[in-house]
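These are the structures in question, set out in turn.
Next come two complexes built around chain A: one with chain B, the other with chain C.
Take a look at the complex of A and B:
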């Protein structure tokens, strides 16, 4: 006989009926000082990041670094191939004709920026993610339909099963449940 | 998700009207004095050298014509795409646009007095001995030049007066505002075609024909790119100054700064794209009659100026304006706007003055291209600036600072970037 699986708690999940309700609830959770928590809405609610107290993303810096890397690599590659590894005179112009290399430099800068944006976004969101504890909740499935959620994780230092539940009740949650990890 | 939506929307009257007695209302007189002093001084300091005067005047004229035409472009395009964000700053562009009739007046001396000093192809005897100019005679001759300039001036005056009258005519009258908004959107479509054609050919006639052997199909777009950069800088600067003197607060917001900054950034990239394309194709094809235009711009004294253009038009504003915070801060946006307007002056100088320096170099013994920046250049710039500022501030004080009758003014004042 197998041992009974020890159940861990992921956190508390609060359900709201409207974007307005979840927006103001986020402000209260933010002001209560919680850090490891998230909100889930069926559509983008404008300024929800401010209500949650989220800072600016680091993604632009990743994109900038990638773009600069791409542009530099492109210029160096063309310089090396055309002026060092296999020098060949084209149209009587110098080996290192930087003018001719600008389009490729630009394109590779854009390409690397796009890579930085897409894969940086996936990485920062820890995607792809094959398992998420919140899907243990039957009600949570409606977050892609018509319900709004706040989930406060148990690993948040301020998390307390009783006090956190009371806070969520004060925010006007329509339903609160504990979700398994 | 702003709470402001619960309250009724009222534009604060003290923020959108400049009272008589304000410094802004004295600017038309000050501008006219500067204009008379500047242009008179430029004529005096040119010491009878009519070439020096007209070339300096053309540089100054093209700088401020770019702002006025940029204003027309801004107004037409915002109607054409039915933009909501821009309505709170549209009146500033309209006031810049309504200086076009004034710019037409300032353009008349170029056509009737300066043209023979500026344009080599007007010299009938010289054209006879020049195979290429002879071949271009059907376009580059005085009569068709006069007719074309007349058409541009009519188009610019007509379009600017039409959009200005429609917009100011519905101030404070939401009923008329709705009708005006529909009418302006309808006419924006033909207007943008007229604008594009008139600006392109005016740039050909006024600037490109300075060196009549050279040609570039990209040239009209080049002038347009500078024009768009100029108007976004000019609007940013005007808004910052109006904020400083206590107007438009809470009407034009950080969000509008952000969008103006985005346009400055976008058109910096656009300028670089078309300016490099123009250079790149000519460099690649390497045809003497085309390359010589760049040839004497990278010769001798003009090489540093060309580097300044490349660095100051692209590298500096591009990296400076990349960050979001820079576009949302009044101080950094002002820095960017002042720099871009300065580079517009450098750009026009770079387009016009090498032609004269080239003539002088060919006549001199050592064939060296000399860069002369003297009082005549500064005074001509000051003079045209004075007249432009007089026209602009006169319009600014005359009506409300925002189109109060526009049906979507509330949307514009409350808009946010996400």
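Take a look at the complex of A and C:
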């Protein structure tokens, strides 16, 4: 970025009319070697992540860790309260009657996993993020309706206002615009 | 059977999930979002009676708090009464929502997309209604936090060996996970509402709750994984919830309750009643909001089939209970079941059997499965029958237990009735607010199952846009 520019540019936004068009466009952008870019679609287009060359989500590991934490804490809680802190014989059962502790262990395991899944997903996606440069584009509002977009960011090392625009034109974009940061 | 020919998807050869020629993504957005943005005055026809019923509920509860649970018809052998009947009834209703959102998702049943949002909302509202009853049945609802393992000045802990405590954990986990699942599903659709919003209040409210969603594929990747994991978690969760609810009964020694068939039988009954309630709610919604091309007759027919299946399972469970009561040779168990059929509450038993075993059998006929009127009538019968099932289980077992000296007859008071009727007010008020302000159909998910959503679709997706 040697040239002085007045407004900071976020990047180029290309619009497509169909899932098919954006799918093949993503494949071309991926093959051109861009890294800091994204596509925006009204619904999860099947396999579009593969067309973009994205790896798998790490979310399952977060959920697994949370679930195990929840289940372990639940069993420890029941053990400690029933056998250590206030031991009391109920219905002639042993203090640590672990069979009876399975339901609560299961429920807390599920509860913690669900928290892991939802808040892990939001964290990985850096949501909530109520301001984003793309919302500066009027046309972008239709990304939640029926239009499909590819946004290549200016901070991508391969980004060049002219060449990147030409690439997007070759992919059959219906409309291309520059978005301010 | 040419009369019943559905539209077929050109690629898969299966039923078109969204009916009509050349339906675009934008058409789906419009069909769902427009009734929210330009509300129909007919909404008030549903909302005003609901709020009036809610008033009945609030009055009943206010009087209950003033007088105590003595205003209910509870007596010495029947200490559970309608409160537990209503609790199990409402929790059971909720189960269909989770079944549609989670189990059908795992089985890749794409038809679920048009009904899952409303069904999940129904789950949440039904669980809210369910939680009212044990809360107020405690008599001192301001101590409802006592089942939680909180350190206290008495240094005591809850009894983790009690099924009632398991129930606290099961139902509260179920409510929390259902709410999270529902909200996660709503985020992209709230973003749709935000991007269409014409007024600042709408833009702010939908914008706030859509968390700045921008449909990024990098986000969809984690989002879809989270959705699948939540579905995978909800499936055993929903089975565990009604299993644990049935443990409240089955883990006791009472004849008629102490049976191992209770967990599967309760789960089947829950799904059965829940699908009936989904039909009761969605049949008016799809007509009033003109969503017949999205919630198609095929969807209704599929739900009727599930009602037929689960209703038959419930009928089987009734028969098997009798068989085991006789086969076990246990005189108390045999007596409990004779008492159900021919005892003081024979009428409740036969209402239950007619509604739950006989009425779903009509769904063997395709003409009835596809008739909106029949579906609505039969769904009401199932709702009634499933309420009576819980009444029969709770009351007939309690009122005549081992000792004839402690037998008594139980009848509800006007306050029992008003609390139950009023709880429907709570339920319908919440549901009316939901259809008024939130997308009733999962817009994004419906789009994703349309033929034109397939990235390899070669149809008419080009050339006709401008």
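One rule holds for everything that comes next: the second predicted complex is superposed on the first by the 175 of 181 C-alpha atoms of A that agree within 3 Å, B and C clash if a C-alpha of one lies under 4 Å from a C-alpha of the other, contacts with A are read in each partner's own complex, and residues count from 1 in each chain.
The rule is simple: a residue touches a chain if its C-beta (ideal position, glycine included) is under 8 Å from a C-beta of that chain, and two chains touch if they have at least 3 such contacts.
These numbers come from a predicted model, not from an experiment.
S.K.: After lining up the shared chain so the two structures overlap, which partner does A:35 touch, if you call chain B first and chain C second: first, second, both or neither?
M.R.: Neither: A:35 stays clear of chain B and chain C.
S.K.: Looking at the overlay, does A:170 come into contact with chain B only (first), chain C only (second), both, or neither?
M.R.: A:170: touches no partner chain.
S.K.: Name the contact category of A:129: first (chain B only), second (chain C only), both, or neither.
M.R.: It touches chain C, and chain B stays clear.
S.K.: Could you tell me if A:23 is touching chain B, chain C, both of them or neither one (first, second, both, neither)?
M.R.: both
S.K.: Applying the document's definition of touching, compare chain B and chain C: which contacts more of chain A?
M.R.: Of the two chains, more chain A residues are contacted by C.
S.K.: Of the partners chain B and chain C, which touch A:46 in the superposed model: first, second, both, neither?
M.R.: both
S.K.: Just checking: does A:120 make contact with chain B only, chain C only, both, or neither of them? Give me first, second, both or neither.
M.R.: After superposing on A, A:120 lies in contact with chain C but is clear of chain B.
S.K.: After overlaying the two complexes on chain A, where does the chain B footprint on chain A coincide with the chain C footprint?
M.R.: Residues common to the chain A contacts of chain C and of chain B are 19-20, 23, 45-48, 51, 56, 60, 91, 100, 103, listed in rising order.
S.K.: Hey, which residues of chain C end up touching chain A in the complex?
M.R.: Those in contact with chain A are residues 24-26, 29, 149, 155-161, 163, 165-166, 169-170, 173, 176-177, 180-181, 183-184, 188, 191-192, 194-196, 207-208, 211-226, 229-230, 233, 236-237, 240, 244, 247, 444-445, 447-448, 452-458, 461-462, 465.
S.K.: Looking at the complex, which residues from chain A come into contact with chain C?
M.R.: Against chain C, the touching part of chain A is residues 17-24, 26, 38-49, 51-52, 54, 56-57, 59-60, 63, 77-78, 81-82, 85-86, 90-91, 93, 97, 100-101, 103-104, 106-108, 110-111, 113-115, 117-118, 120-122, 124-125, 127-132, 134-135, 141-146, 174.
S.K.: Would you tell me which residues of chain B are touching chain A in their complex?
M.R.: Against chain A, chain B makes touches at 1-2, 276, 279-280, 283-284, 286, 322-324, 416, 418.
S.K.: Would you mind writing out the residues of chain A in touch with chain B in their complex?
M.R.: Residues 19-20, 23, 45-48, 51, 56, 60, 64, 91-92, 99-100, 102-103 of chain A touch chain B in their complex.
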